[in-house]
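Labels for the chains are A, B, C and D, by order of writing; each one numbers its residues from 1.
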Amino acid sequence: MIESFRLRDLEFKNRILVASGTFGYGNDVPDLVDIAKLGGVVTKSLSMKARDGNPSPRIAETASGMLNSIGLANIGVHKFIAEKLPALKNHETKIIANIAASSVGEYCAVMEILDSQEGVHGFEINVSCPNVKEGGLSFGTDVKLVSLITKELRHRTQKPLIVKLTPNVTHISEFARACEAEGADAVSVINTVIGMAVNINKRTPKIATTTGGLSGPAIKPIALAKVYETVNAVKIPVIGIGGIVSWEDAVEFFIVGASMVQIGTANFINPATGVTVAEGVKKYCGNNGLDDVGKLVRTLQTNKTISIVDSWL
Amino acid sequence: MIESFRLRDLEFKNRILVASGTFGYGNDVPDLVDIAKLGGVVTKSLSMKARDGNPSPRIAETASGMLNSIGLANIGVHKFIAEKLPALKNHETKIIANIAASSVGEYCAVMEILDSQEGVHGFEINVSCPNVKEGGLSFGTDVKLVSLITKELRHRTQKPLIVKLTPNVTHISEFARACEAEGADAVSVINTVIGMAVNINKRTPKIATTTGGLSGPAIKPIALAKVYETVNAVKIPVIGIGGIVSWEDAVEFFIVGASMVQIGTANFINPATGVTVAEGVKKYCGNNGLDDVGKLVRTLQTNKTISIVDSWL
Amino acid sequence: MKQDIVPIHSVQFITNEIIELTFISDYLSAAAKPGQFINIRVGENFPLLRRPFSIFNVEGSRVSIVFNVIGTGTKVLARKQKGDTIDVLGPCGNNFLSFVDDSFETAIFVAGGIGVAPFPFLTKKFPASIKIVTFLGGRNKELIIEKGLQNVRIATDDGSQGFNGTVLDLIKDDFSKHRYIKPRFFVCGPTRMMKAVAGYAKEIGADCFASLECDMACGIGLCQGCNIEMNGGEKKYRLVCKEGTIFDTQSVKL
Amino acid sequence: MKQDIVPIHSVQFITNEIIELTFISDYLSAAAKPGQFINIRVGENFPLLRRPFSIFNVEGSRVSIVFNVIGTGTKVLARKQKGDTIDVLGPCGNNFLSFVDDSFETAIFVAGGIGVAPFPFLTKKFPASIKIVTFLGGRNKELIIEKGLQNVRIATDDGSQGFNGTVLDLIKDDFSKHRYIKPRFFVCGPTRMMKAVAGYAKEIGADCFASLECDMACGIGLCQGCNIEMNGGEKKYRLVCKEGTIFDTQSVKL
């Protein structure tokens, strides 16, 4: 059974990664997860300086999902290199550094610092960050800015460059096309969906920042639809993310067309979800006569007789 | 306790309506629901001609939600008037006709037919329909078209005109502003969220049209965030829809700023949800010293010290 | 039709795979007709939608259903016990008796797997004047229930009980040996099996009425999610939950 | 720290409102320290997130927690029974014993409501050389558990047991009557109560260590969702689940 997947020059041992912000820097789970069984670990988003993050409460549970507004709390790129990377790179897996920033310049600067680090195998760019220049509007909703960020970063690394897209746009495929045009090696689809919840006793938002990012099984249907839209728009690989808690969920993403998947919220419930997903996907392929997980990718059979014009909801 | 709400010249006895497509034409539930206890009934979307709708399967359950792609199956406006309206208008409640169409002309034509009907108290316009002229792209994602539809319809009726917005856009507030500018009396927020699900045994989509509309508790956080964005953008009333199954859910929407709410998917589980929600909201207001449900609207206390630029997810 | 919270009287395995759940409802026990279903809210929060179950038996004020554990809903249901309550909505759908008239003399009941569910109650309520022959098919003997049925012939895929083969093979075999006067088929089971039986019925010139299965969101005509395509006629689709679940198999595209 | 599926030994009401759930785990019974918590997957699908519970008691290989039914998770947990299994992850967080040293002589345990949970196990493991006085507060007597505690003084909001008033009122009253030598406070309960007790401790110049409560997504440091603001120091926030749950109350903004 072939489980591996290659992105540029980087070979992942399997197609299952853990998502940014849901696995720390890999150092909180040594007893709980055999990290070597994961295709890769995407780090918590790293910014130039350490960020304290948002006030509490930062999380709230919702029906089959959760809201978060951590505020990209992170130790900053320098401390990451000094304190976390040494242990992290000992694991037999690939490390993808996720970068967050509040200006195009900061994205570039953080990447330049990380690119020379041997233990950093590739990059995922979190564009769901507020653009300070534009009064805080997210980079990720402006296709020109996403283009620009991709272009600037592409010059700065030979390692795999993945852009992580936000679902909070009308046509995610436009953004994926822009990334492809500027040389991104892949796009990750999706980051969290904007949501909110209210404490009806206090009449306050359940998280301090009023709105936050919705994740978990609740958003899986949304993520699958966004992946479907994206794989129909670009040729570069799409990394599916959103609500995966079981291998069956991952198989759905592969069938729709994701080349890899990431596990997010599920890590909070079962930190070893990635490992059981990898095992389950392998078994499913075996049972279905596929000798390469890649042969599962984009095998969706759709009903071709239904035209878009007919498909009113 | 004041429960009523006025929109233009129309007085709803309370602020709880049942949502389009989730209550038929009111004739399937006589034994199960005391319709007179609802503020109003929004009809299934009506088009000029009867529509068969989409092939099966049309629905699939998801985590705390469901996908549907009914295809706006409906009996057409003429049959509605001849066969359904006579019984429907006997109920002591307000009837809002929801209109769907595949061209601006069809929206106008359907409204002209309905406007003269005495039992039709107002209109809700479903703009989440494919624009045949544009190859099937949804009207609801093009702010110019939503403007145009609102403007054309506003000329044609003195009854309340509500535009029902789709959440599948980057900034729903732009659409709400356009509706307000063209004289809409209110906007309904939200219609279903695009989603999909896959049958991993058959490797087919779980609904025939591949993607469909996600509804139910899973989308409540998304709906609340969209309502929040909208109430901060317009002065006209916002009708909150999405995932309401309990009075507590409805209270969340009122606190965020919805002036009325609609119950959708919950009707499939408990057809009388609207009645229990109305009772629960009234009781909550009583317990909290509010003598008018309207006094609950937009009472959310947010943390003003957090700036947008700081509020990274 | 009514929505009600009712007390559970018992939950027990009646084969190694099939559970019978009995609850008490004066209303449903009086109102239910054979072939109708009830729509059960399995859990308070999960799963979201109700699950439809055929009425299996009615005795006094006790109503029962049978099911096998296949997914989230039936897993939760299997954990219920005496003293718990469940939220039931029904009775829903049309019923088999409305397809009973003078134009046939032998009722051929055909059940596949858990599709046996409506037949004991139907047998009980069937006009005594009409002869019933019942064909049961299942993967193995754990999916076979004979109680409350008449003139039962059994087929299992693995041969663990009765005829070794499909229920249609058994029917054909049986029909080659016996002469049934003016037969009419009443069928419930997996779609593929119903389609096969409907084809055979057509071949031998018999009517065939089948209780269709499909995913339902509401079960009462509100969502339009349960459409079945018709073979011509005025409407392209009908709603399984409201205009069915039982259809003349010649009228629908199975 | 380990994630494990463990068998339930018993589930029983120990007051009219509080349930004790006991399960069997060789690992946890050996590894758990007083003040630590375990994170329980309450249901397979619902609710989504684990729920944290303090370790209430350890006896042999049996570990127990106590809870009162307040929401979705505890409702599901209350329905568990002997023979079921639960998915537990732990032990999580720091523990009270790491705040035990030579610089105090009387341990003042203060529990509000279900915040009593960690104290019986703490009492059992506490150095015998140190005197313990335990103050319990609750809405009413159904929220009071005395078992396993030492020198218990009780306050209830409704006066149904012990002192009629808040636990702080009781402490003040008690402290005015007795002289406790070098007291140190160990507190668990609602945030407002902990804040009040911390204020009093500061007033009388005593140390105070409180086990903080907050919503948690992971309980093990992965999500950064459980931040508490610090009173100065190097970091603005710390994680309650990993760097706590027990903090010197002077170091945090309660």
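Definition applied: a contact is a pair of C-beta atoms (placed from the backbone, for glycine too) under 8 Å apart; a residue touches a chain by one contact, two chains touch by 3 or more.
The structure presented is a predicted model; accordingly, all values stated were derived computationally and were not measured.
K.L.:
What are the mutual neighbours of chain A and chain C in this structure?
P.N.:
Touches both chain A and chain C: B, D.
K.L.:
Comparing centres built from CA atoms, which chain ends up most distant from chain A?
P.N.:
The chain farthest from chain A, judged by C-alpha centres, is C.
K.L.:
With chain centres defined as C-alpha means, what is the inter-centre distance between chain A and chain B in Å?
P.N.:
Computed value for the inter-centroid distance: 32 Å.
K.L.:
So the centre of each chain is just the mean of its C-alpha atoms; given that, what is the distance between chain B and chain D in Å?
P.N.:
46
K.L.:
Please work out the Cα centroid separation of chain B and chain C, and write it as a whole number of Å.
P.N.:
36
K.L.:
Could you check chain C for residues that touch two or more other chains and list them?
P.N.:
Expected reply: 45-47.
K.L.:
Two or more other chains in contact with one residue: find those residues in chain B.
P.N.:
Each of 55, 63-65, 68, 70, 216-217 in chain B touches at least two other chains.
K.L.:
Could you draw the chains as nodes, link the ones that touch, and say if you get a line, ring, star, complete or other?
P.N.:
ring
K.L.:
Going by the touch definition at the top, which pairs of chains touch each other?
P.N.:
A-B, A-D, B-C, C-D
K.L.:
Where on chain A does chain D make contact in their complex?
P.N.:
Listed in rising order, the residues are 21-24, 28-29, 31-32, 44, 52-53, 55-61, 64-66, 68, 70, 73, 216-217, 265, 267-272.
K.L.:
Could you list, by residue number, the parts of chain C that touch chain D in their complex?
P.N.:
For this pair, the touching residues of chain C are 43, 45-47, 72.
K.L.:
Which chain D residues qualify as touching chain A in the complex?
P.N.:
So the residues of chain D in touch with chain A come to 1-3, 41, 45-50, 89, 214-218, 220-229, 235-237, 242.
K.L.:
Which of the residues in chain B come into contact with chain A in the complex?
P.N.:
51, 54-55, 62-65, 67-72, 100, 102, 128-130, 132, 135-136, 141, 168-170, 191-198, 200, 202-205, 208-214, 216-222, 224-225, 228, 243, 248, 251-252, 255-256, 284, 299-303, 306-313
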